[in-house]
Amino acid sequence: MNLGIVTGTLVASRKEPLLEGLPMLVVRQLDERGAEKGGYVVAVDSVGAGVGEVVLYASGSSARQTAITKDKPCDAVIMAIVDQWDIDGETVFVK
Amino acid sequence: MNLGIVTGTLVASRKEPLLEGLPMLVVRQLDERGAEKGGYVVAVDSVGAGVGEVVLYASGSSARQTAITKDKPCDAVIMAIVDQWDIDGETVFVK
Amino acid sequence: MNLGIVTGTLVASRKEPLLEGLPMLVVRQLDERGAEKGGYVVAVDSVGAGVGEVVLYASGSSARQTAITKDKPCDAVIMAIVDQWDIDGETVFVK
Amino acid sequence: MNLGIVTGTLVASRKEPLLEGLPMLVVRQLDERGAEKGGYVVAVDSVGAGVGEVVLYASGSSARQTAITKDKPCDAVIMAIVDQWDIDGETVFVK
Amino acid sequence: MNLGIVTGTLVASRKEPLLEGLPMLVVRQLDERGAEKGGYVVAVDSVGAGVGEVVLYASGSSARQTAITKDKPCDAVIMAIVDQWDIDGETVFVK
């Protein structure tokens, strides 16, 4: 899984029917220290994350292992909102 | 999923029989701000996208989760045409 | 899928029995304009491609969705020989 | 699989229910010589690894092939704690 | 698949029980010309490769399609020992 920060929302009215109703968010990738890495991913949100929240997302076939993404053409899913992470005995982030 | 713009079309008469009839488009990758990233992918189009349209595509096994790509040797599928996306409270793109 | 040009052949007599008889080709990756990108992949050929031909290949689990690669330890397959592709209204390649 | 060193821990109270109780660790990627590569991954720990330990992790769908990650939205798992590795006849690391 | 040269061995006594008895080798990635690319992967060996041998390895879910890796948390497998490969009509490598 990778860390990211939700930076935006996306609207797509014409889409594969299986994606109907799935919230899609833009997630900017964060490095281990919480700095932005320069990349992004559009992910389905399975946990009710909002813009500005630090999240954990899964990619590939693992992104289809949540209740709302099962058997859907989705390759990235936000599966946790991060409360805190620590690196080398130091707290990098607290919600 | 990633954002892209459809830039071209591809014709291949000799191919795996399972791919018969599937429209294949060239998609240039876009970054979070809508700028071209320099990469591309050839994707099966499941939503009737045309050249010049901004789309969302899925990769890997998730690309086989649409009606037309099921069980086919396809690793990228356009599964939505993007209407709008917003980043940091600002509209980046409107169709 | 990605575009490539077949540049070589590979012989491996000691291999996983499931791979017996599968033709393996070296494919140099091409960018959207047909220029070489610097990377390569060794792919199983499911369409009878020859050295010098421009092809489309699929990666990952999708590479196991052809008749000859099903359930085999193969992560890249040539599934089409390209006849033509056009970018931005311009023909980049014609066979 | 890739080599990494466990550098941190992560707490996420709001998450996909399937992830409940799974320990998630931050793993810094190591190169073949044991030097840090600059990347990281958040992985589920299936072997009881601790901060500072050198581990082996698997990515993608293979990360769901352990007892605790089966059918879960997890794309990286620590599946071994490394005792020793040797490169070019030289011991690079001993626990 | 990708080309690599086996450069080392790895010992891990504490691991996911499913990995018990699987030989794990360090494989340095080779480019199309046989030069080292700078990357590596730790792969399960399904063909009895030794240090110094040039091999072909498969990644991702395809790495679980050999007899010894089936349903195991393994994302890279050596599935062939290379005898020879030719590029642009020239022999790059002969065992």
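When the chains are written out, they are named A, B, C, D and E in that same order, and each has its own residue count from 1.
We adopt the following convention: contacts are C-beta pairs under 8 Å (C-beta built on N, C-alpha and C of every residue); 3 or more make two chains touch, one makes a residue touch a chain.
Predicted model only: the values in this text are computed from it and were never measured.
Any chain touching chain A that also touches chain D would appear here, but none does. The mean-CA centres of chain D and chain E are about 20 angstrom from one another, to the nearest whole unit. Chain A and chain C have Cα centroids lying 32 Å from one another.
Multi-chain contact residues of chain A, defined as those touching 2 or more other chains: 60-61, 63.
One closed ring of touching chains is present, and its order from chain C going to chain E first is C, E, D, A, B. Residue ranges on chain B touching chain A, taken from their complex, read 1-3, 31-32, 46-48, 56, 58-67, 69, 77, 79-89, 92. The part of chain D that touches chain A in the complex is made up of residues 7-16, 18-19, 24, 26, 28, 40-43, 51, 60-61, 63-64, 71-76.
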